[in-house]
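I've put the structures underneath this note.
Shared between the two complexes below is subunit A, which pairs with subunit B and subunit C, respectively.
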Partner chain A sequence: MMTSASNQKGQTLIFVILIMTIALAIGISISNRTVSTVKRTTNVDSSSRTLAAAEAGIESVLTRTVTDLNSSISGSATDCTSAYTTTYPATSGSADITTKASISIKRYGCLTTSAPNNKYVYDVEQDNVLELKFDHGASLIPNNINLNITWKYPNAATASSLYLMEISGSNMNNLEVFRKGYRAGSQANNFELVLNPSSTGFNYQTRTHPRVLRILSLYSPSTVTVTNNTAGVTLPYQGFEITSTGILGDSTLTGLGSKDLVRRSVVVKRSLPYLPAIFNFALYSQNGSLSK
Partner chain B sequence: MANKVTMKKTLLALLVITPLFFFSSKQGRAGILESLINLVSPSQNASTPQIQQNAAQEPPVCKPREPALSGLLAFPNDQSFCSVTPTFAQANVAYSVTPSDSFAILKSSWKIVNPVSKAKNGATTTKLVTGSGVETLSGEWPGIDSSDTLVELTFTSSLLNPDNGKILATDSFTYTWNPATTCPPQGLELSGKVWELQKGQTCATTSGSRTKINPQPGDKVQKVGSISSNISDSDGSYKLTDPAITNPSNQLCATALKPDLVKWGSSAFYKIKCVDGTVGTPLTPNCANLGPLAPSGTYTVNLGFEVVAKGWTHVLMGDIYAGCPSCPSNAISQLVPKKDPTSAYDTDVIYFLDSDTPTNSPSMGVAIAKGDIVVKDPDGNTRISDGDSSNKNYNVKNYQENKLIWPFVSSLNQFQPPVGAKEVTNCSNFFSGSTKTQQTYYMSKSCFGEATASNVKYKFDGSGAVVLYIINAGSLNIKNELVSQTNNRLILMVDGEAVIDPGLGTQTPKLSNLSPQIDATILAKDGILIDCDREEGTCTGNDSTFVLQGALLSKKDIVLNRLRGLDTNEFPSEIVKYAPEDLIYLNEFNKDGKISGLHIQRVTWQTR
Partner chain C sequence: MQSLLTKKTFPKLLLVSLFALLFTKAQVKAQLDTTAPTSSITLNPTSPDGDNGWYVSPVDITITSDDLDSGVSSINWSIDGGPTQSQVFNNTLNQVQNPSFETAGAPLDLWEKTNDDGIALFTQDPTFAPGFDSNSAKIESTVTGWHAFNNQTNYIVTSPYQNMTSSIWVKTDTAIGNANYKVYLIYDNGLGGTATQLLATSSSVTGSADWQKLTLNFSTNNSATLGVYLDLGLDGIGTVWYDGVSVSSSLTNPSTNFAISQNGSHTLSYWALDNANNEELPHKTSSFKIDTKAPSRWTNFTLTEAGNNHTFIVSIKVSDTTSGLDVSTAEFQYSVDQGVTWGYYTPLSSCSGSFNSGWTNPSVSPSSDGSTTVTLTTAAIDFCNSNWTATKEIRFRIKDMAGNLSQSPDFTINGAWVRVAGGGAYSNYNIAMLSASEGGYLAGAKEGVSNITTTNNWYLEDYEILSFDNYSAWYSKYPTTTSLPSGKLPTVSGKYRVNSDFTIASSTIPNGLSTTQNLSSVVFVNGDLNINTNYSLHATSGIIFIVSGDISVSSSTSSIDGFFITDGQFDGGTGTTALTVTGGVQADSFNLKRSLNGSQNSSNPAITFNYVAKYLVVGKNQLTANFGVKWLEVE
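And then the complex of A and B:
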């Protein structure tokens, strides 16, 4: 059998080309990976910087007093749509600072009589209170307020009970206290039984000139939903919602180009200050008896 | 040589006789001198013919010299004597006459020296005695009455020279009884009746109207340190025969007495109030002091006991919580009086009520306890709240362990003033009007003492409340009234224990017009003590009602010690009226950044 030497020319070239192709592919892959890593690192850094800026913006607001915040926001105590915006830091700092926080502050908890802004949802830990304030702002609410209150609890086997305490009255020298208990489970305690606590709940009408309604959750945590059913009455705010957005690359804020824009937001709800549950009590002994 | 011997004898004789001479009688001295002369000239006497001359002559008549008359008398030492009844008492006196063949006169008498009311001189006896002997004397013992504190019978004897009546010797002896004398039983009997005062009765209640105590198995009357007697179920009588007496103080105690549990509750107790009969005065809580007792005789001691109903607490407009981890059966336990329309306390006798003047329908409060809640009246009716009759009281028994816990808010937990609180240096002026409201202050215990050295009607500059921290308070005794002159309120944070003095109170509180002794919400780190009037450490049951407008909140015990006693137990012993304005004022507090250290602010975060 005879072979032609000329037929074998080019095999080496093909082999070389194959090897070079494989090497090029590997090189490109490595290059892509490196670029991706750098890009990811940059993103993480930017994200961290913007998140830090957003958190710093929140902290700057949390140090301000309730009076200060409320007066900064336009509108009355029942206006939960107006917002007050600011930036943090307020002025440009050193050249190294390239992130800022854009802050928006609104009141929250103003309950109108129409959905969806007629509901107030709040998680109440066991033995803690949810306090609804009706008396801040310019004047007292004169009318009896009609509320519907529903609640859920995490474990069906351990139903929570709600114990309401309301302080009302226009005269500080003659305030009234009204209390009532509601239950969903077998822990009777002479509390009123609510058959469908999470759906229909119970209706509650406040006294005249209500000031404070405190809802104590017993036996279990509760997610309490308070719905305002009072025609023509919007309930005042219960705290502030602060949205702080850390921004990197917004030329209007940071001076950088918009092509590098990175945003991270933190939303914080800050309640009005309230007293712990022990202030419901006239006699409270943590470790002792009240026997004679 | 003979002279030398004579000299020696003379010197010896002088040495012996000189002291005898100086210490002897006149007659003795003559004898001594005579002997001395004989001694100093023995040779003369021996060699001189004078004797012979004398013998030859008519000798002089020499009477034998009579020895001197002397005597001794001795009674035994004084002794105690315990005869309660009059009797004759004997005493022996020993005598000795020297020379033994001589005679002397023994003269004896007795006298009742004490008690003065029975003082008496007995007849005097005389007897000629010789040699030695013992004479038994007899005198009248007057007996011992229960009123006696000292009885004394004294015998006196003297030995006299029959020739000249001179006293040769004398001695005396006394029989004594006083309350400290320990006497053997001689028919002593203590008896009487044990009775229970009914409401409104006094110790002067005639015996026919007295009610015997509630009989219990094991009820006894005991002479302390001696025997005891059961108390008759039928008439409440007892009798003790020949108990040992321990003069001067004898005590008679009734033990194991217990008022009717159904009527008064397990926490009520008996306290002795009346002791009548022959002897005795009340010695609380269950004993009579009989004083000294004669060793025999019959004494009547009637013991009258009153029921001291444990006081009860009235809480208005507020809730109650007792997290007692060690009292599962009585975390909240009280006995309230029966509902009485004629009561001087102008509302229902209830444990707590939500509002005294509700415009709207009244509501209840809630009592939450880790253990059981037992609040009943003497008829066994549950009286925890005004709604009991309609079964609407709220009480959460056996609440889960360690759930309703003291909040972990730094200042509220540690009782240390928050940053920004102002130190009070002008203590005496703190409550007088210049202190700004809606501020937090702190002061020392001594500063608080100075600020409340007398009754205080406080007022502040502006409306609202003041939060005052008392640092390192230890045991902070609040002795004087602390009431609001205007509409200001005080929140008192005590880094220690708050003690309400027994003197703070009112005898006849009126619900319609409560006048508190303290206008404040008191929070105390180490407990709150509403103290009682005490006698030897025990509450007497004579307390007034302490009224506080505010709240009492503590991480530890709240001890409600006041007792009104049987006759005024229709009044609660403590009244705490919740002050809702405290909560409203404190809510305003933090709005302007004035940190009270008491608030919670809920912050929820969400990252987008």
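And then the complex of A and C:
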């Protein structure tokens, strides 16, 4: 019986140690989870702040004029490689922790005749206009630019048509407008039928002294691919590509760099200004009948 | 082994064996669904409601499918080879045994007779509904009263408050009385037995009718529910067949409904899948053609003088790109008293003959039915005199091959007309010119384009272009408060605002405006814009007016230059002076009432909208806030 009692005391000790071990494990687990949650919350907060900084950087560029942006970037209107970098905000904040956006801006749409840099893809909303601008700078680009244009539309049942208007002329006194219409489906608009709009598309040669080619998407949105087939000619840029990286860093740093904590990047393309589709019409009635 | 088969273990083994047997049977039943579903289609209207097999209204389509085993899992369809569309169904397992009456008994396995009075005949019959094997249940009754097949003994086990669906195919022959089916609930009566309760009765079929599907949705609204059973019968005299019985826990019978309104010839392909993935093959098809649109685009209104200056051969073009034109239905009539009376003189070449109040036929070219565009040409018509201030009018009508009738606008002989030179003309309502007008390169409207020609025959017919910005939207992008210099039109490029009505008169036109080069200006007018005098701008200059109110041009004004955008009406004035607008106009509506003197309308437009490219350059110089932004990626 004595032996039995001793054994029971030992069992109690083991049981107590086991319970304490389990309690300790649970405690450590809860502690780890709490630390993990705090860390995750911090990460989410940091991520949101850097994304907001990146977006603020984009917005700061969108408010700037084309002339301002173009003059900030080195190179000519056909240089889509050079980049201009800046930060937003330009000055450091006084808080211990600061977020900034590091911004890089370069031109896009400078089409050479060598793949893959000979084509560019544009999304055009229904009843909206894509404008290709040819007349940057004082010297107009050579005449008769040869383009291949293909297009796709999201719903096979609703094929889009493209209505092209080209404005050409060496000066304001002799501007001319040339028009073409292309359809992919059975729309009864009498535009020229393009059998394979998304593959072969159609070839388009500009007039003398081309300035602007306006492409209006009808019936449906279009994804338009423009390919430059003009030997030896690089087309000028059609807008700006803006990359803004929000960075959460230590304000004691002299700039943004190696000790950054979190980074988020946003890339945005901004086209050159264009006029809406009503400027294609000499007569446009929003609600009433056109009758005489 | 012997020790296992003791008195104690044997009942357990027996029970396990029975469960195994039942389970195996259930498995076998589930695995034996090798029969594909069968689908049927109904169209509304049930047959073409136009001429020559054409529908002249959208076709409402219902596809129903049956699968008597594992149940329909989806109904699929494709229109004109386009993408497959599907509707998916859940819980469609058919819980009825011997649902197609293929297994004979006395006379049918698992089915009993209701009111077996020895007079009515209950048989298994080799008549069957399409898609349901080779037999059906048949009742021939020569006496009144309800005779039916029921599956009360082999009822469908279900739970309380279960929403369920049922369907059955029925055919009748000289039935005097109602052929239908009833759903009964079987429930525990609390006394150790069961009781029944009528849950629902289907619609009825009488007389002689081919196979049709009856359906019932019901709910087992009793907490003591044990199951449901069906009673398929005839209340009266006649013959009735039943086939394809289905009861499931699905919320809806497998059926889908959609409408096709697109004009043209269509082929609809449809099929169903069951829960055992059996596909209905070959896919069924249904072909039909729809033309809901009457002939349209009355254009190329032409007068050819024939003998004197009030006798003309009149011609007009009309189109129908869907079913084509029924040339024998072309007609015309005219009025020489400003539209008071309409008809035609006999003969047409003299106003001294008798006047008939009806319609008469023109010649039609080409003369073959189904032509998509034809020209209607009258014989020489004497419009009686050359007093063109008393309006003389003519109108035409024609049907398409589907039977849709189109009547042209009332065209004015020697009436005033509009020329759009360059650019295009568009209305979010319609274009309905009374005299032949010119629409530049592209003419379009939401609800029809008539009597306007375009350079390349380009049209956007029945097409609604999305709305464009109004004054507030424009001003919010360019919120300038710069006033016009000295209250006059600007000679310096920029954006200006007039926060009231503004009048362009000699007093508000600065010196040198017409010779100022490279002027790019936008003037916001928060009020009405009145134009009371002629003015011009240099070929390199332009002013865009964005107006919140109306724009009115005085009747004496003959030449203005600008691109005008207004939330209100553009009133081109009245009188007999021709007006030329160099630029363009976007307005909520137009009032174009000018008409030239005498027969001048026959050759000259009363109003010309002369589209010029300079406004595309001027606009881009000032309206720079309109650019595309595309967010490509976020990392």
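By our rule, the second predicted complex is superposed on the first by the 268 of 292 C-alpha atoms of A that agree within 3 Å, B and C clash if a C-alpha of one lies under 4 Å from a C-alpha of the other, contacts with A are read in each partner's own complex, and residues count from 1 in each chain.
To be clear about the criterion, contacts are C-beta pairs under 8 Å (C-beta built on N, C-alpha and C of every residue); 3 or more make two chains touch, one makes a residue touch a chain.
For clarity, every value in this text was computed on a predicted model and none was experimentally measured.
When both complexes are overlaid on subunit A, subunit B and subunit C end up clashing with each other. With both structures placed on the common chain, the touch criterion links A:157 to subunit C but leaves subunit B unconnected.
In the overlay built on the shared chain, the residue A:207 is in contact with subunit B alone; subunit C does not reach it.
Within the superposed three-chain model, A:191 lies in touch with subunit B and with subunit C [touch as defined at top].
By the touch criterion defined above, A:51 reaches both subunit B and subunit C.
By the touch criterion stated above, A:277 is placed in contact with subunit B and with subunit C alike. In the superposition on chain A, no contact is made by A:199 with either subunit B or subunit C.
Superposing the two complexes on chain A places one of the subunit C stretches 129-137, 345-353, 363-371 or 399-407 into subunit B: stretch 345-353. With the contact threshold set out at the top, residues 51, 54, 62, 65-66, 126-127, 163, 167, 172-173, 175-177, 179, 181, 189-191, 211-212, 218-219, 239, 264-292 of subunit A are in contact with subunit B in one structure and with subunit C in the other.
Across the complex, subunit B meets subunit A through its residues 267, 310-313, 315-325, 327, 330-335, 352, 354-355, 357-360, 363-366, 368-369, 371, 387, 391-397, 399-400, 403-407, 409, 412, 463, 487, 527, 551-560, 573, 576-578, 580-584, 586-587, 589-593, 598-608. Against subunit C, in their complex, subunit A makes its touches with residues 51, 54, 62, 65-66, 123, 126-127, 156-157, 163, 167, 169, 171-173, 175-177, 179, 181, 188-191, 211-212, 214, 218-219, 239, 264-292. Interface residues of subunit A facing subunit B in the complex, by the touch rule stated above, are 51, 54, 58, 62, 65-68, 126-127, 133, 135-136, 163, 165, 167, 172-181, 187, 189-191, 207-208, 211-212, 218-219, 239, 264-292.
Subunit C meets subunit A in the complex at residues 82-83, 319, 321, 409, 415-418, 420-435, 437, 439-442, 445, 456-461, 463, 465-469, 517-518, 539-540, 563, 565, 569, 581, 583-590, 592, 606-607, 609-617, 619-620, 623-635.
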